[in-house]
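Going by the order they are written in, the chains are A, B, C and D; count residues from 1 in each one.
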Amino acid sequence: MPPIDHYIWLSSILFSIGVIGVLIRRNGIVLLMCVELMLNAVNLLFTAFATNFQDSAGQVFVFFIMVVAAAEVAVGLAILVMIYRNTKSVDISLLDKLKQ
Amino acid sequence: MGSYIAIALFSPLLGFTISGLFGRFLPKNVTGIIASLSVFVSFVCSIMLFNHLHNGGDAVKLETFNWIAAGNISIDFSFLADKLSVWMMMIITGVGFLIHIYSMGYMHHDEGFYKFFAYLNLFIFSMLTLVLGANYVIMFFGWEGVGLCSYLLIGFWYANKEYGYAARKAFIMNRIGDLGLLLGIFMLFNVFGTTDYQTVFSSAGTANSATIELICILLFVGAVGKSAQIPLFTWLPDAMAGPTPVSALIHAATMVTAGIYLVARSSVFFVSSELASTIVLVVGLVTAVVAATIGLKQNDIKKVLAYSTVSQLGYMFVALGVGAYSTALFHVTTHAFFKALLFLGSGSVIHAMSGEQDIRFMGGLSKKLKITHFTFLLGTLAIAGVPPLAGFFSKDEILAKAFYGNGILVFILLAVTSVITAVYMFRLYFLTFHGEFRGTEEQKHHLHESPSTMTIPLIILAILSCVGGGLGLSSLFSHHHFADTFLSSVLTNANIPHPSHLFEIVVLVVSVVLLAIIILMTRSYYTKKQNVPTSADEETGFGRILSKKYYFDEIYKTLIQKPIEWLSNFAHDFIDRKFIDGIVNISGRGVTVCGNYLRRVQTGNVEFYLLAMVVGVIAFLIIYQLV
Amino acid sequence: MSTLLIIKIVIILVVFGITLLIAMYSTYLERKVAAVMQDRIGPDRAGPWGLLQPLADAGKMFFKEDFIPKQSEKWLFIFGPGIAMFTACMTGAIIPWGGTVTMFGETFNLQIADIDIGILYIMGFVSIGVYGIMIGGWASNNKYSLYGAVRASSQMISYELAMGLAILAVVMTTGSLSLKDIVEAQKGGQWNVFYQPLAFLLFIVCAFAECNRAPFDMAECETELIGGYHTEYSSMKLGFFLFAEYINMFISSAVISVLFFGGYNFPFMYDLGLSANAITFIGVGVFFAKIIFFIFFFMWVRWTLPRFRYDQLMHLGWKSLIPLAILNLMITGGWQIFKDSF
Amino acid sequence: MLSYIFYILSGLTILTAIMMIAARNPVHSVLYLIITFFLISGQYLLMNAQFLFVVNIIVYAGAIMVLFLFVLMLLNLNKETEPQKSMKTKLAGVISGGLLLVNLLGALVKSNSSTESLPITDVGLVKNLGMVLFTDFVVPFEISSILFLAAMVGAVLVGKRHKGEMEAISE
C-alpha cells in the first residue's frame, strides 16, 4: 500500500482539477459536476485517513458528505432546469440579474 | 400523613384539568359536582391533617424533588403542613367548598360555566400551594398563581371592557407588591442561603437586625399588594367586577388573607423588627379608617362590602403590627365566615334583582328573600361586632391587644372605625331589605328566593358566623383561647399584657350600647324617614370626598400615571424619534453611501465571483504558509 | 495454482456459459410462450420442435450488416451495447447457485464470490446497467433513441428506490447482506415470501421495470418510439441489447428465487437421507427450476398485460410503490423490535 | 503489488478528470466523470472500504450521474450549444487552479512526510461501519434524513410548474 502522502497528492490534484473546471467552464451543469469532483477528492482523502488511523469516523463522514452531495445535486439540478426553462440556456455568465 | 398533603393539593388540580379540558363536553351539573367534590376532598384532607396536629402530631413535611438546582441555589419542591398552614387550609377549603356549591346555583345560566369552575379549582390549588409551600419560593409560586386566577376571575366577563380594565388593574397592583415580595425573598436567600422556612426561622437570630428590618419591609410590601392596604388598595373595590362568588372567595375569604398569612408566617422576623412592625401597624390603621369612611358613602352593594373588607384587613394588620399574630389569624377566620356570608348574600340579592347592584334601587327585600335576609342580618350583626356573634370576639380581642400593646390613640381610632363599620353595614342592611321597593316593576315582579344550592351555603356560613367566635370564646374568662393555644407553637406572639376582666366587660357593655344606638339611628334614618342616598356627583362637602373615595384614583392618576405618560411621550418624541432614530438613520445613510461605491464590485457575474473566491483562498493559503 | 482457484475458474466459466445458454433459449421460450398464449405454433422449423432456432437467430445476427449511422457518436455507439452486456453478465458473480460441494479433496461453495456487501453489489450493477441504454440511445443521435434513453433512465432510477427499500425489508429480517446468508436463513421452508409478501410484490414489480420488460417497456415501445433506444442498431449490437435483456431477466429471476423463494433450498431436503453432495446437486436443479418458472412468469406477464402509459408508470413508482415500501419497512422494523423485546 | 494498482488507478483518475474538464461536449464530460468515479471506487476497494465502494457506485455513479446525464439529455445540450470561454479566461482559470495546487502541495512538502504505507484494516466493512453509524453517529444520521426530505421537497417545489404555466403549455 502506498503511504498516506500519496493519497494527499492525489486528492490535491483532483481537487485542483475540480477548481480549474469550475473556473474554465460556463455550463452550469458542468460546474456542478466539477463540484462533485472536488467533493470526491475530499471523500477519498477522508477514507485514506480513516484507513491510516484505523478509525471508521472518517468513513462515516464520507457517507454524510455523499448525503449532502446527493441533496445538493437534487436541488441544484432542479434550479438549473428552471433556469433553462426561463432563459433557454444553462450558461452561468448570463446569470447576472443580481447586478440590478 | 404526607399523602394527605399531596391529595389535598392535587385534587383541585385534577378538578381544574377535568373541567378545563373536558368541561365543554360535560353537562353543567357534572362539571360543578366534580369541581366541588375535588375541593371537598381537599377539605377532608385538611381535617385529617388538623386532627393529626391537634392531637399533638408533628408538622408534616412532603418532600418531592429538587426543583431548582443551579450553582449554590437549591430549592426543593416540598410542602409543609404545620399548624398555621393547616389553619389556613381549613378556611380555604371549607369556605371554598361552600362557595363552589353556591356557584353551581349562581352561575347556572352562564355560558362559561365550566371555565368558571376550572378557574375556581385552579385558584384553590394555587392558594393551597401558597399556604403549604415549605419555602418562600413555593409560596411565591402559589402567590403568583393566586394573582393569575384573580386576574382571570375578575375579568371573567371579559366582553365588558370595564371589567377587563378592573382585572388588569388588580394584576398590575398585585405585581407592584410582588416585586417587593420577590426582593424580600432574594434578600432572604442572600442572607440565609436558603428560603426553606424551618432553616430560615431557626437561624433568624444570626442575621443583622437592620437586614431583617429591610426584609420585613419588603415582605410587607408584597402583603400590602395582595391584601389591599394603602396605598395599593384601589384594585379590590374594582375587583367586584367578577362574579359574586369570586368576590366572596377571593376578595373576602381567602386571597386577600395571603398577606396576613405571609406576615404571620414571618412572625419570627417581624417580632424582632420594631420599625417594620410600626409600619405594619400604621398602614393597617390608616387603611382601616380610610376604607371604613369610604364605605359610608358607597351605593353599590358589593362596593360597600369591598371597602368593609379592606377596612377589616386593616384591622388584621393592626393586630399583626401590635404583634398579636394569633389574634390576626383569629380575625381572619371569623372574617372569612361572615364576609363570605355577606358577599354570598349580596350575590343572592343581585341574583334576585336580575343583576342590579345599586342599593338605591332596592329596599323591602326582606319579605321576598326570607333566608337571604335572615342570614344577611346575621352577617351584618357579626361584622358589626354584636356579642355573642363571631365578629365581636375577634374585633374585641384586637382592640384589647391594641390598647395594651400600643396605647390609647390606636385604640380610639380602631373603636371609631368599629362604630363606622356598624353604621355603614346597617345602612346597607336597611336600605336593601327594609322600606319600600325602589326598583322597576319588572324587577319587583321577578323577585324570588334563590335555589337551595345557594341558600344552603348561606345557612351554613350563617351558623359559622354565629358560633365561629367560639374559637376565641374563652378569652373572656381565661387568657388563652383555642386559636391562641393551637397556633402558639408556630407563631411568635409579642409579649402583650393580657387585658383585665374589667376592660373586657367595659368594652362589652359599651359596644352593646353603642350598637343598639347605631341600629336605631340607621333604622330611623333609612327605613322610617325613607332617606335614599344621592349619587356621588350630587354629594357636597366631606360626603363628596368620601363618595369619591378620597380621590385616590384621581391622585394616582395625577401623581403616577400623568408623569409616566409625560415621560413616555418625552421618550417617544425626543429620545426615540430624534436621538435613537437619528443614529439609526445616520448609520443607514452611511451604509447606503458606502454601498453606492462598493456595489461596483458586485458585477453580478458568477464566473467573476468564482474566480475571486479561488484567488482569495490562494491568497489566504499563501499568507498562512508565510506566517 | 491451488485446486480451489481452478475450481473457482471452472465455476466462473460454467456460470457464464449457463447464463448465455439460458438467455439464448429464453428467446426461444419467449416465442413459444407467445405462440401458446396466442394459440399459434411458434418456431418449429430449425431442429426438432425448433430447438435450434436460437442458433439460427444468432447466426443471422452475426452476418447482418453492422451499420453505424453517420451522425452518431461512433465510439459511444459501440460502447452502449457493450456496457449493457457487461453489466448484465457481472451480476451473476454473487448468486449462490448451490450449497457446498466436497470434491477433489476440497469443500467449496457453488458461488463465484460470497462478498460482504452482497445484495448491494447487485444494486450497484443494476444501477449502472442503465448507462448502456442511455449511452447507446444518446449516441444514436436520433430523437426516438433519445426519448427511449431518457425514459429508460428516469424509469430505472425511480424504480431502483422502491426496489432498494423492498430489499431492505428482507435484509432486516435476515440480518445480513450476503446472499448466501439470506438463502441459508430460509432453510426448512422458511421462505421469505411468507414473511415478506409485500416486499416480494414490490420487488417483482420493480424487477419488471428494471429489466425494461412489459408492461414497463416504455424505453423500446414500438408503437410510440419505433424501437426506442435501439432504433439505429443492427446486427450483433442489437443482439447484445436484446441478449442483455434476457440475461437481466435470468438474473432477476435468480435474485427473486434467492431473496424470497429459498434459493437452492427445497422442502424436506434433509429428511430424504441423501448425501450432502446429492442434496446440493438436487438443490441446484431446484434452483434452476425456480428460475425458469420466474422467466416464464416474466413472459406470461408480458403477453398478458398491456403497456402502461409513461405518466402512469411514474405515478405507480413514486406514489404507490415507494410509500408501500416504506410502510413495509416500518412494519418490519416494528416487528423486529417487538420480537426482540420478548 | 497493491501500490502499483494504486499508481495506475491514480494516473487514470487524473487523466479522466482532466478529460472531464477539457471535453467540449457536456455529455462526454459526464461520461468521463463517471469513469473517474469508478476509478475512485476502485481506490476505496483498494483500501478495503467495501461499503463506501458500493455506496459510491450506487449513489454517485448510479444515481447522481444518471441524474446529470438525464438532465443533459432532457435539455438536449451538446457541443453546439455549449458556451465557451475565451482563451484568456481559461488561462487565468488554469493558472489560479495551478497556484492552488502548488499551495496545497507546498504545505504538504513543508510538513513531515510519512513514508509508512497504509495499514490494511476492516473498519470499512458494512458490519463495522453500521455499528458506528447507528451508535455514535445516530443523531447526524437522523438529521441527514431530514436534510434529504427537505432537499426533496425543495427540488419538487423548484421544479414544479406553476398553475398558470401549466395552462399556458396545454393551450
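Following the convention adopted for this analysis, contacts are C-beta pairs under 8 Å (C-beta built on N, C-alpha and C of every residue); 3 or more make two chains touch, one makes a residue touch a chain.
In this text the structure is predicted, and so the values were computed from the model without any measurement.
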Problem - Chain hops separating chain D from chain B, counting only touching neighbours - result: 1
Exercise for the section: Measure off the straight-line distance from the CA centroid of chain B to the CA centroid of chain C, and report it in whole Å. Expected result: 83
Problem - chain A-chain B separation of Cα centroids, rounded to whole Å - result: 70
Exercise for the section: Give, as an integer number of Å, the spacing between the C-alpha centres of chain D and chain C. Expected result: 28
Fill in the blank from the handout: Taking each chain's mean CA coordinate, chain A and chain C are separated, in whole Å, by 34
Exercise for the section: For chain B, write out the residues touching at least two other chains, lowest number first. Expected result: 607, 611, 614
Exercise for the section: Two or more other chains in contact with one residue: find those residues in chain D. Expected result: 51, 55, 63, 67, 74, 85, 89, 92-93, 96-97, 100, 104
Fill in the blank from the handout: The positions of chain C in contact with two or more other chains are none
Completion exercise
A full list of chain pairs that touch reads A-B, A-D, B-D, C-D
Problem - Residue numbers on chain D that touch chain B, as the complex places them - result: 85, 89, 92-93, 96-97, 99-100, 103-104, 106-107, 110
Exercise for the section: Could you pull out which chain D residues touch chain A in their complex? Expected result: 2-3, 6-7, 10, 13-14, 17-18, 20-21, 26, 29-30, 33, 36-37, 40, 43-44, 46-49, 51-52, 55-56, 59-60, 63-64, 67-68, 71-72, 74-75, 77, 81-85, 89-90, 92-94, 96-98, 100-101, 104-105, 108, 113-121, 123-124, 128-129, 132-133, 136-137, 140, 144, 147-148, 150-152, 154-156, 158-159
Exercise for the section: Within their complex, state which residues of chain B touch chain A. Expected result: 602-607, 610-611, 614
Practice task
Please give the residue numbers of chain C that touch chain D in the complex, ascending.
Solution key: 76, 115-117, 120-121, 123-124, 126-128, 130-131, 134-135, 138, 146, 149-150, 153-154, 156-157, 160, 177
Fill in the blank from the handout: Per the touch rule above, chain A residues touching chain B in the complex are 19, 22-23, 26, 92-93, 95-100
